[in-house]
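This structure is in structure tokens; I'll ask about it shortly.
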Amino acid sequence: MELTGKQNIWKDYQKEIADDKYFYVRSCVRQNFFPGAETTFLRILKDELHKDIYEHPCHTTCTGIGYHGDVVPFDTAMTVIARQFALMTEAGYENLVPSCVTSFGLYSEVLETWHHFPEVLARVREHLRKATGREFNIPKNVAHASDVIFKFRNEIAQKAKYKLINTATGKPLKVVEHIGCHYSKMFPAKGVGGAEFPYVLIGMVEEWGGEVIDYPERRHCCGFGFRQYLVQANRGYSIGCSHKKFESMEPYEPDMIITNCPGCPMFLDKWQYAISEMNGKTYGKNGQGIPVFTFEEVAGLVLGYDPWDIGLQVHQVSCEPILDKMGIKYDPATKYLGKNGKYLGVPEKPSVLKD
Amino acid sequence: MSKSVIVIGGGIAGMEASAYLSAMGFNVTLFEKDEKLGGHLLNWERLFPTKRLGSEVLTFLKKGMDDKIKVHTNSNITKINSENGKYFVTNDNNEIFEADALLITTGYDLFDARRKEEYGYGIYDNVITSAELETMFLSGKPIVNKQGKVPKRIGFVHCVGSRDRKVGNVYCSKVCCVTAVKQATEIREHLPECETYCFYMDLRMYGAKFEELYNEAQEKYGVTFIRGRLSEANETIDGSLLVKVEDTLVGRPLKMTVDLLVLMVGFEPSKGTKDIAKILNLSTNSNGFIEVADEHTLTNVTNLKGVFVAGTTTSPRTITNTINDARAAAAEIACYLNLYTIQSRNN
Amino acid sequence: MSYDPFVLPFSIGLVIVVILILWKYFRWIFSHEKAERVKILKLIFSFKLFSVIKEIFMEVLFHRRIFKINPVLGYMHSSFAFGWFLLILGGTIESKMHNHHAFNMFYEPIFFKFFSHNIDGFPFASGFKFLMDLILLYILSGLMLAMAKRLYKKMFGMKKTTKLRLIDKLALTSLWCIFPLRLLAESFTSAQYHNGGFLTDNFGNILAKFLPVDQLEYPAWWAYSIALGVFFVMLPYSRYMHIPTEMVLIILRKAGFKTEKKYTGFSRVEVQSCSRCGICLDACQVYATTQRNKMLPAYFLQSVRFNKKGKQGLTDCLMCGRCQEVCPVGIGINAIRRVKRNELFDEKGAEFEYLEESSIKSKKADVIYFAGCMTHLTPTIKRSMVALLKKAEINFWFMDEDSSICCGRPLQVLGKEKDANILADKNRELIANSGAELLVTSCPICYKIFKEEYNLNIKVQHHTEYLNELVNIGKLKPANLNFSAVYHDPCDLGRGSGIYNQPRELLGRISRLNKSENEKEMALCCGSSLANLPAGFDDKEFMASEAAEQLCVSNPDKLITACPLCKKAFAQACNERKTSNQVDVKDIAEVLAEAVA
Amino acid sequence: MADFGYKIQEDRQINYDSNDRTLFYFLKRVEPSISLCIGCGTCSATCTAGQFTQFDLHKIMLYVRRGEKVHIANEIKKCMLCGKCSLVCPKGINTRNIIFQTRKFIHSNK
């Protein structure tokens, strides 16, 4: 593979990412799926990078799940989003940072629509005014949370306590990067590196010492696809997609998967359990799975945060093998203790998938 | 004193038009940006549909170039002025040449396959262009992939950079289909054990003997044709490529691995064509090629009096058609310089 | 009783061959049901027996049919069969008269001259001497021709001769040795005892001048006996099995035996009656076109005889029936082929459940018109038929006007009898429900299966028959269009169904009908026959061109046929050739429609 | 194994690499004209069986080429072998032989 070829493409897809003063909007589902991820993001930005990042207590869903699940019409979605912008405007911020890739995609879609159809923007302003009496400015910069981490990947590397390197062998960890579909497949120019060879996660992994795997089904969706998972009859399709990806990446023997989307880590993680229960197959070494992380979690690990503080105990596929490889110290006894030291309980062991 | 014509671009059209104009008694000056005359023909081993050597045609063209033609190679045009129906052409040596008529034969460039990102040209080792495959044929060396292995399966992707709004080219490049068929059969001749697959949208076998070549490819050479455009190519662990396509005749998606993927790159107006258009203020058509005065009747005439065009400067075409067009342009210029009234029909 | 050990090879050989072939015939005949076997007895005790004897004499001995094909070839074949027969007959009489005894050892007539040195003491003795030598000369002349045939086949009107198996070559060699050895043996004897006729005596005297005839005589008789013995032992395993078997075939055929749907003992008799004379080779168009030869009857029947499956070129035959037409033995080759196809291919391979939901409904009418699948690709034929039927004011139902169920014959000719029956059942039901009294079809392929296999209780006609009838009874009144025409007999209509006269009668009324070279029974196939599978587009086109070329020698205005496949094939061939023969290809229904318009 | 109320869905994709194309190689040997098909569909348009049921010869030939065996055995049974398709094929493909040989192959490989 010619890396220079990819770099040439990445050059064509440089996007502007704001430097500071971020208005952060949360993901609906990540707080349940991987509750440590967003916390870690805020911690890195505030404590490590000393940035001004604000989240408004009144902000809501962007309606992306409903919109892609065919239950929320576009006009509703636009109006809700307009309200988010109004909150941002009221708080005096201009740079929007969504935590969720689908939100990022929907914000991009709405802004692109308004750009091409000003009459729609006028209509939405009218709707918002009638509904809430609020006014708003269009954000100056919209960057996904992973864009922000990408921008400061060098700073994080400088402060890093660990690298994405197998301490036993000294070789870089083999990392599969998986980009959420809504990140750049709809608007290639809005994603770092474009749609075909997105660079946003690769940049982090390479900067932090890892090696990225390009496997044939790299571009394939994780299978969440909203309707696909939400309707039980379609779940076979959803898991089929993940299955296809695992089969394709298996020969490369990846050490871990890094993602930038709420749904992808959830499904790439949990489906490994479901597949192992359905047909007995596992994709890691010794009957283990391939650990799946969000980019914030990986950044947190690199910075030396306690794995249990960043929420790795709620992952289905055990993270310990990768912690061991990276040489990260952790206390197994505190794995299932909550923030206040209260015992959370140990989840039931899967019948196939090994710890 | 006889009248003079400057021909810009020493490819097939430029050479043949120069030969005809000189034979008709005009003073001809030919400019070529490269070291050698012949243009793209220099890079082509065998020609469709006959599979004769490209060098034979080049020899034929060279024979037409008599001593009276003044050839300037390694020469770029920087400025063109016009005064009283005469043209003054300046090259990058700051020499100025005078002519009564100009013929633009700056031709085409091949599409830069990097722009079709999803096919991974320039990224994946074993994605090459049709021109690169031709270079392999021309070199006479064994056909191997980047890993030095003899390919067992080769895929040809038609319409790369053609008929594709996403790369900005809606037109058909006309020669890629038959080139793919030709190259696939040549592969079978070189490597009888190697399977060849053509991924096409439509097979445009419009020329004389093209359909016969296609039939031969199917029956004699066993080339498999799959109607469907590649959505993407991905490298697998052994360096082969997994291609995904909708087999539109079956109505189902299909995936297969190939050891070598050949992109049939289309035609785009060359940099030279675009530069000259800017220098002269020539009109270009929606595809970026030089616009002709009339699509049916004045295919060598431009919006500027005394400036003529020939060959792939106006649209993609085959070598045969380029040679014909060059001769037509020579006749057109002769009419113009001898003040024949034939063109007044369109006034 | 005369005896010498040298008679042993002959005697043993003769006993073996008689036992072997009788055992074979016994087995074959007894594989048939008793009811059928009775027919043989009935034949023997009837006057028909005389016609059997006559046919055996004419065909087995005299080879009349081969004479008709080529006199030289006929002479060659008859010299062996008839000559040898006369030699045995003459020898028997001669030896019995000499011994004055009705019973002598069976080998005595064969080796008469060895045992009887003085043979002048009975009436006509010198006459017999002359006659026996003349017969031997007759056979020897045939032998010379047989040898020449291997070298100069053209002389015998043959383009190709059959290739022989090893055992056939050995048998042939021993056969060819028999008569020259007899000549030598008798000549050697005659040189010493002068008991020979004009041939052996003179030949013996010449030989005696430079050969020690007294020493050579005894070995020569041994050699003669051995040649006979070897030939007899090989006979049941070689092509010479046809010599006795053809007689059995004639008897059984006269008794009413036929190969139908099974490979029976009679089929074996037919198969073993093939002498591989090779006359069928030149009749085969597939062979002429492709040079493939496995399907040629001479080889096909051989591979059937020795049960070599997969080497029979089974599907590579048009089943046009031309070979059957020229076969001097009259073997039912097509029937055997069909039986063999059934054996190999008649698995239930098709599922036609979907026909249960078909919307075709029977309509009450007097006459059913069934165009046939192929006729839908030649729409002028069906349009002409509809116009003619309307003109004749016939109350008819166009059975396959919108969608047709195939008649089943295309499956049947490939041996897929079971699949064909499903389609036949469906069509039979539709036909029966219409209450019609007559079924008319435009396609000879459909015609044949409707007529022969459907067991319909109504009349079935091809449109050539029906239209001719309509004209004869005055329901259609065609004008004479006065163009010159040539008629092509479609295989299934002509050879297949014997319809030769109706189309000619009909065309005689509206045109000037020219004759063509291969007419009627010997008409060439257009090449499109559905019975052949491997023949590709080019092969078929070549066959059509060849046939069209021959048909159009008289340069007619129109080439008329009565089959949609023939029409399409010729239309294509005549169009493609672009020769001076720009003949107009029409179906008979089309020209009649023009004539009544 | 656990039942979650759904199964891992099979891919609709034709997996060319893993498909078994022996039938195609067999047909190519016994009836080389199969290579000439351009999928024009004339055969299907004229098909006698096609008037009653969905039967698509050119599609079957494609399935054969791609090694998609599953449907071939069932589909090929619907043909009446009438031969109209051979007559109309613009490329002169011996379609009838292809069907016959396919059935033979399937039958002998049961």
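As written, the chains take the letters A, B, C and D, and residue 1 is the first residue of each chain.
To be clear about the criterion, a contact is a pair of C-beta atoms (placed from the backbone, for glycine too) under 8 Å apart; a residue touches a chain by one contact, two chains touch by 3 or more.
What you are looking at is a predicted structure, and each value in this text was computed from that prediction instead of being measured.
Student: Select the chain whose centre, defined as the mean of its C-alpha atoms, is least distant from the mean of all protein C-alpha atoms.
Tutor: Chain D is the most central one.
Student: If you count the C-beta pairs in contact for each pair of chains, which pair comes out on top?
Tutor: Pair with the most C-beta pairs in contact: C-D.
Student: Can you check how far apart chain A and chain B are, centre to centre, with Cα atoms defining each centre and the answer in Å?
Tutor: 46
Student: How big is the gap, in whole Å, between where the Cα atoms of chain A centre and where those of chain C centre?
Tutor: Once rounded, the distance between the two centres reads 84 Å.
Student: What whole-Å value do you get for the distance between chain B and chain C if each is reduced to the mean of its CA atoms?
Tutor: 65
Student: What is the distance, in whole Å, between the centres of chain A and chain D, each centre taken as the mean of its C-alpha atoms?
Tutor: Those two chain centres are 46 Å apart.
Student: Using the touch definition from the top, which residues of chain A touch two or more other chains?
Tutor: Not one residue of chain A touches more than one other chain, so the list is empty.
Student: Where in chain D do residues touch two or more other chains at once?
Tutor: 33
Student: Tell me, which residues of chain C touch at least two other chains?
Tutor: none
Student: According to the definition of touch, which chains form touching pairs?
Tutor: Chain-chain contacts present: A-B, A-D, B-D, C-D.
Student: What part of chain B is in contact with chain D in the complex they form?
Tutor: Listed in rising order, the residues of chain B that touch chain D are 203, 215, 218-219, 222, 224-225, 227, 244, 247, 249-250, 252-257.
Student: In the complex formed with chain C, which residues of chain D make contact?
Tutor: 30-31, 33, 46, 48-49, 51-53, 74, 76-84, 87-88, 92-94, 96-97, 100-101, 103-104, 107
Student: Enumerate the contact residues on chain D facing chain B in the complex.
Tutor: Contact set of chain D toward chain B: 12-17, 28, 32-33, 35-36, 38-39, 58-59, 62-63, 65-66, 68, 91.
Student: Help me check something: in the complex, which residues belonging to chain D touch chain A?
Tutor: 1-2, 4-11
Student: Considering the complex alone, what residue numbers of chain A touch chain D?
Tutor: Residues 232-233, 235-237, 239-240, 243-244, 274-275, 277-280, 351 of chain A touch chain D in their complex.
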